[in-house]
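Order as written gives the chain letters A, B, C, D, E and F; numbering starts at 1 within each chain.
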Amino acid sequence: MAATDFDTTLPSIRQLQNWIKEKTSVEFKLMSGDVITGKVFWQDINCVCIVDANEEKTIVWKLAIAYMKARS
Amino acid sequence: MAATDFDTTLPSIRQLQNWIKEKTSVEFKLMSGDVITGKVFWQDINCVCIVDANEEKTIVWKLAIAYMKARS
Amino acid sequence: MAATDFDTTLPSIRQLQNWIKEKTSVEFKLMSGDVITGKVFWQDINCVCIVDANEEKTIVWKLAIAYMKARS
Amino acid sequence: MAATDFDTTLPSIRQLQNWIKEKTSVEFKLMSGDVITGKVFWQDINCVCIVDANEEKTIVWKLAIAYMKARS
Amino acid sequence: MAATDFDTTLPSIRQLQNWIKEKTSVEFKLMSGDVITGKVFWQDINCVCIVDANEEKTIVWKLAIAYMKARS
Amino acid sequence: MAATDFDTTLPSIRQLQNWIKEKTSVEFKLMSGDVITGKVFWQDINCVCIVDANEEKTIVWKLAIAYMKARS
């Protein structure tokens, strides 16, 4: 099993799936200090792909995420 | 097994469950330097969801937590 | 197995158990730069709980610890 | 299994394979603050090799990656 | 298996065993920026215990080590 | 399996083996900000040993490496 768990019954995984379905605006703060904003496009056990307003895709590694939240 | 252990007999897991039940005010210091405060809403093997006074949910990745404590 | 090993025959685990039994004053330096001091209250595979002079409990995640030592 | 997962059906792994095939210009932001740019030459479960304009190869460890993206 | 490997045939584990036996003066640079110097007292899968000139023991977590070396 | 994979068919492992054989001058950038230069002496699943011009050995933990490259 990798460093994160990809069990689709987990609230953390389901939350990301909901954000994908609802096209929710999100904010990811990374341990590098970067803040990535946009909409979640896909997730897998290693990464989350976030698309910004210019359709640019940023692939964030889950091990680097400090926190994530929906943007009000 | 993922990088953290989710055995509900563990004191660390039980402490989070208690904070959820008691709606305790908590403070999470992350390795990114961020301090997240509020009440624990849910936890799973990867993350902890914290709700703040404005009902905003922040999902913290357990691997990023430096320490956590109840706020007196 | 999680990212740390919880085999009670290990010197690192036994040292924490001794500090609990002896109520030793300790200092934990975290990778976030925080220094947590007090007495070790409990440990499990994920975390160490440290109680300070005001009986405040701080739960430190083992993956975040740089070093730990008894305070002379 | 290592800290990252190397299942070629994963979107994160396939994205890197596509960048290799398409010789896409990429940007990798690392947790050390470094930004590595160039084209992906190969990947394995531990690392990604990026070749820059001077044909210099930089081998990035996946655990150190904050995010990666194609450069427009 | 934990995040580090404790196979005594590994050069990295054997090097630490030699430093213990030879009472070599060593320097450990940690990812927190701390530099710990002294002599290696013991090691296990999680940690390395270093004793300084005042017989003070510092227990370093292996996951926090950037590099280690004998001091000339 | 430890946090990194030590399968000698992997390009990342083979690259280190080649550097050892060819006595290539290398540069390792660590997440602590340190830059270690010299020649790779040995590697195992946990660490890489680098020897500098003064024959001083620095043992780098693989989990701390941001990137590595041959020095032109």
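What we mean here is this: contacts are C-beta pairs under 8 Å (C-beta built on N, C-alpha and C of every residue); 3 or more make two chains touch, one makes a residue touch a chain.
For clarity, every value in this text was computed on a predicted model and none was experimentally measured.
Asks: Based on which chains touch which, give the shortest step count from chain A to chain E.
Replies: Minimal hop count between chain A and chain E: 3.
Asks: In angstrom, rounded to a whole number, how far apart do the mean CA points of chain A and chain F lie?
Replies: Measuring from centre to centre gives 32 Å for this pair.
Asks: Just how far, in Å, is the C-alpha centre of chain C from the one of chain B?
Replies: 18
Asks: Approximately how many whole Å separate the CA-defined centres of chain C and chain D?
Replies: 36
Asks: Give me the residue numbers in chain E that touch at least two other chains, ranges are fine.
Replies: Within chain E, residues 1-3, 30-31, 63 contact more than one other chain.
Asks: Which of line, ring, star, complete or other matches the graph of chains that touch?
Replies: Chain contacts: single closed ring, each chain with exactly two partners.
Asks: Beginning at chain D, go round the ring through chain F first and name each chain as you reach it.
Replies: Order round the ring from chain D, first step to chain F: D, F, E, C, B, A.
Asks: What part of chain D is in contact with chain A in the complex they form?
Replies: Interface residues on the chain D side: 1-5, 7, 10-13, 15, 29-31, 33, 62-63, 65-70, 72.
Asks: Using the touch definition from the top, list the residues of chain A that touch chain D in their complex.
Replies: These residues of chain A touch chain D: 1-3, 30-32, 34, 36, 42, 44-47, 49, 56-61, 63-64.
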